[in-house]
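Naming follows writing order (A, B, C and D), and every chain is counted from residue 1.
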Amino acid sequence: MKREPLLAALGAFALIACAWAVPWLKFILTIALAKGIAVLGILLLLRAGQVSFGHSMFLALGAYTVAFMAPTEPEVLLLLPAAALVATGFGLVIGLFLVRYRDIFFGMLNLAFAMVLYSLLEKLYAITKGTDGIRVAGLTFAGTQPERPVQEWVMFGIALGLAILFGLLVSVYLASPMGRALAGIKTRETRLEFMGVPARRVLLFAYVLSALMGGVGGALVAMTTRHVTPQIAYWTASGELVFIAILGGAGSALGPFLGATAFELVRVYAAAAVAEAWQMILGAVLLVVILFAPGGVWGLLSRRWRA
Amino acid sequence: MTEAVTRRAALLGAGATAGSLLLAGGGAQAQGKPSELRVGITTFLSGSASVFGVPAKQMAELLFEEINKAGGIGGVPVRPFFVDEAPGTDHLVGEFRRLVQNEGVQIVFASISSGSCLACTPLSDEMKKTTLLWDCGTQRIFEEAPHPYAFRTQGYGTPEVLAPLLYLLKHKPDFRTLAVINQDYAWGRDSWELWKAGMDAMKPGVRVVAEMFPRFGATDYSTEVTRLLAARPDVILSTSWGGDLVTLLRQSAERRLFERSTFVLPIAEASMQILGRTMQPGHIIGARGDHWNNHPSPKDPARLKRFVDLYRSKYNEYPIYPCHHMAQAISAMQAAYAKAIAAKGGGWPNDQELANAFRGLTFDSPTSSITLREDGQGLEDQIVGLSSFNQQYPFAVPKDMILFPAAMVSTPVGQKSVDWLKSLKPDFLNQVPAPIAG
Amino acid sequence: MATWLSENSLLLGLALLDGLAYAALVFMVAVGLNLVFGVLRIVNVAHGSLFAIGAYTAASIGLFFASRGLPAWMGYVALVLAAVAVGAVLGPLIERLLLRRIYGHEDVLQLLVTFALFMILEDVQKLVWGVQPVSQDAPLRFLGTVDIPFGDDVIPFTAYQLFVLPGIALATLIALAWFLRRTLTGRVIVAVTTDKEAATAMGIDAARIMLLTFSFGAGLAALGGALASPTTALVPGIGAQTIVLSFAVVATAGLGQIEGAALTALMIGLGRSIAVYFAPEFEVVVPYLIMVAVLLVRPQGLFGVIETRRV
Amino acid sequence: MLELTGVSVDIAGIRVLRGVSLAVPPGGRVALIGRNGAGKTTTLRALMGLLPVREGQVTIDGREATAVPAHHRARLGIGYAPEERRLFGSFSVQENMLLPAQVLRLPAAETARRLEAVFTLLPELRDLAPRRAAGLSGGQGKMVALGRALMVGTRAVLLDEPFQGLAPALALRYAEALARLRQALPDVAILITESNPELLRPLVQATYVIERGEMAPV
């Protein structure tokens, strides 16, 4: 798909234009980009036919790393790698255990780990301030502490830059032999092993990479909303990430960003239109996508080109 | 302005709905009297805390309707924009921005949850948008940092815990053991910290036999009830509310825990209607304020009756305390606009002028009147009593009520609640007024 | 350890009684989910919503009976009616309109369809029953309490929690095991669980069995909710909490394993109540720790069979 | 007896059978030969109605049966033994064999007659009858799968790669069983797939070859 880079550039431009024209959307779009980065990880695992129904734990790890460290080290340029490192570390440890499992067990074990994390974040009140969460205040950007409007632009810019970076990374990875072996896990894992490709190692690498991106996404969410609560680790949050992956379409690294933008916008507009029944609207959108456009937004776009 | 609109519309090329939403905020910055007064209200519309959020929203709609029928505020009709707190803080802070930057609301009523309040108040500082904390109780808000644009139009955790504690010390001075069972979140933890500080200061030596913080929204308390039955504390404190409190009290009633221990329930009021006769008489109940249906001496009895009837006629239920808190915020908003408009000689106030009007404001609540202190905290009296049944209500209401003046049970400006409570002496009890008749 | 045990044996005894009642509730919800997964191969996220709707329906019927002055034992009829109604109406509706369209699709799509359904049902529930806690206690009151000796003291337990909940759970377990082993329909369900295609080749109408099983599973979820309704106050969001717990049970038990679900529910019930007494901080983590521990040792779940992987 | 005419089948949006045609006459023995992945199993599954047919038609006993639901094939007297034996592991061997008869609600006498006929044909099943299916060896399992297919297949049986993975001695026994089958039940048509054409030559009257989803010349 030669048009992918072109579309990515167009998309990035559209986002910038949107954020410029409608200031309050800048916040929504930053969140969407952050979640899109996390969903890239879901996409990797989906390639291997595995659904992580607990991926919000990596978002939470990233977000809480920022929340815990910010009072002593408010520098965004240090916090981001720190959050990525923590999430990657956990991803490696949990991944070593998880890659032995497939399908429902893989999904449910991810869910279990996420729920353990969620429960601990909620329970260990003395450390985490429980469900109230922790406020992230006074971040600095390369040593400066700009005014709020500038700061919002900086966060948006960082999110967009990282989104492009990780999007490229994932594209390259998926096209590499390692990335193509992922699809082998989905369809014919035993044959993969016959060919001498260690399936577990392939999956582990993807899992750790997905954890890293989850951590970065979570850190961005924390820096943008500047308040972190355990809710970010709850299973419905994980469900939303999978939702976004399918909404955007699993066919391209652009999918997660299309999905996340669509998701956040639908959520905001649904909440504005009918505050009591926004969940129902989101659910209905999801059903319509699955039943009538299983390729997601990306599928719709690429089908239009082919036509 | 028109150019800007075309630019935005052209850029986004969005559909009709999206377009209207994106452009809706256009007129907000205009000087002079706006065509409508937009009020952003964050409340729980889903999840377990919607037991508070939805009645409050319903009350707000009824009151706004009345206000608009009477010509609005300063001649401007009021229009609420409700936002659901349940999806989480990241969503809520986005919604706060949307309310201010896009919907162009002129004032925000923020939040039931303390977490939501803690997240929204700094935004009110940054965006210089007057924010009324209409229901959350955390003492941290004004004690940790000043918030020039935030005002709490009701009481808060410290008086709401201290008043029942004082009542207990008066009513059952010789208790020796106590157990606490609170919801596991800020209010549950904070209220216990406040209680413990006050109790240890005024009655040292009480043994705490169990400290339980079951998960927020827990659906079963049978194990906890068993443990309380086995531990036999003289007093059981629970600041729980909503479905959690209803479940706890029903299971306690069924298993005769009420016969073994005296309950202290600072937030019982909102659950009494649901519990009906299941609630047992003779236990200490509070209301996060003075707004009991059987308030013995409301400032204006006719107003309280009108208020209750307004809600009852529509929903066939008595209004619960979040309805009162919502009414207090609306009443404060009316009073502040009147004050600000008068100060400006009939002109419409800007953000700064509006905020100025709130400082030191006194406004009427359905039962009494409330004054906002210089730090933004409202002074709301507290009434605590013993649960009892009478002919008039099919649910428990307090008797032997004590009205605690807000100034007496609130932490003085500039002090931290826990430190202040620790500094109380047993003779503080002498200040407690005598029970009121009724 | 030994001294700790002797010091706390009385409390452990109480924890056992509490744990049994809780395990019974957990089992009732999880077993339906497990059955549905076994036959349809779909992780039904909306199972929690069916639990909640069953609970609300039972409470509504029970309160209606009470308002008509019907005797208290009719509260039990209300519980059963609610389960049957949800199973017979919502079950077929969901299976026919939604699930049928996605059989054989990727796992993730199947999961998300039920997730979408869950989101929709959460709001539907709120629109129908409102947000104030709903509760009925006729079934609880009808049987009263039983005093359990505790040292030189007694602890009152409700007969409902002591006998009715564990009794119904045990009866359900035995009846299900008998049904699946000894009746033709049951054996056909097992056949479809094991291998849908081979079963179809044997002349089994798998579509009908899936409809039947899903409705049956929905009924069990609703029954679980109905049984919980007398002891708890129903509020929005109870479905979301129930479902994660059920997931943990199903994965721990082994897919489609009824006895596994019973054993897991028992472990979770006891583990949780012991935690409430001795380490309340870990109460909520217990089910997941049990799950992780079990799957570490037995990756296919307690009673699970290793599936042959097709090349 | 069984006929495919120009049948095309898609799996996950990819065409895996393209215009496949073959015919099995009543009482006929027909082999379908092809490499792994050529489409043999897909052809049998299409015949059984387990996969939707995109183009072309399936005829059973001269009647159009393309849209007849898969589970009705058993009622029409067609038995199927899938490639991997796919028994119901928690049932005993006898229960495995009886299940289709019970599902079809055959009279008890007819069920007993069929079971006896299968036991006569495959004597080793009589000894295996009370064993749990999950505990059988690969070869035993294949025999049971054949027996189970015969309980239904009064008109035809479809056997998917029965020799795959069988030790030579077992393969010989299986082939003998098929030969006995031919004499004992001459009316039952058999369609059998295999990747090695030599194995089946003595057993069949006609051979079809499939390559990459299409029929190829023999």
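Methods note: contacts are C-beta pairs under 8 Å (C-beta built on N, C-alpha and C of every residue); 3 or more make two chains touch, one makes a residue touch a chain.
To keep track of the chains, here are their UniProt names: A = Amino acid/amide ABC transporter membrane protein 2, HAAT family; C = Amino acid/amide ABC transporter membrane protein 1, HAAT family; D = Amino acid/amide ABC transporter ATP-binding protein 2, HAAT family.
Only a predicted model underlies this, so the values are computations on that prediction, with no experimental measurement involved.
Counting C-beta pairs in contact, the pair that comes out ahead of the other among B-C and C-D is B-C. Chain centres here are C-alpha means, and the one lying farthest from chain A is D. Among the chains present, the centre nearest to the common Cα mean is that of C.
If each chain is reduced to the centroid of its CA atoms, chain B and chain C end up 36 Å from each other. Centroids built from CA atoms put chain D at 41 Å from chain C. Averaging C-alpha coordinates per chain places the centre of chain A 48 Å away from that of chain D.
Averaged C-alpha coordinates give centres for chain B and chain D that are 73 Å from one another.
Multi-chain contact residues of chain C (touching two or more other chains) are listed as 122-123, 126, 284. In chain D, no position touches at least two other chains.
The residues of chain A that reach two or more other chains are 122-123, 276, 279, listed in rising order.
Applying the touch criterion to all chain pairs gives A-B, A-C, B-C, C-D.
Of all residues in chain C, those touching chain D in their complex are 184, 187-188, 190-191, 194-195, 197-207, 305, 308, 310. Put simply, chain A touches chain C in their complex at residues 46, 49, 51, 53, 97, 100-101, 103-105, 107-109, 111-113, 115-116, 119-120, 122-124, 188-191, 235-236, 239, 242-243, 245-246, 276-277, 279-280, 282-284, 286-287, 290-291, 294. Listed in rising order, the residues of chain B touching chain A in the complex are 7-8, 11-12, 17-18, 21-22, 25, 45-46, 81-84, 87-91, 93-95, 97-98, 100-103, 113-115, 118-119, 122, 126, 138, 184-186, 189, 213, 215-216. Within the complex formed with chain C, the residues of chain D that make contact are 45, 48, 50, 69-75, 79-80, 82, 84, 86-91, 95, 99-100, 102-104, 134, 148-149, 152. Residue ranges of chain A in contact with chain B, taken from their complex: 17-18, 21-25, 27-28, 31, 122-123, 125, 129-133, 135, 137, 148, 221, 224-229, 231-232, 237, 265, 267-269, 271-273, 275-276, 278-279.
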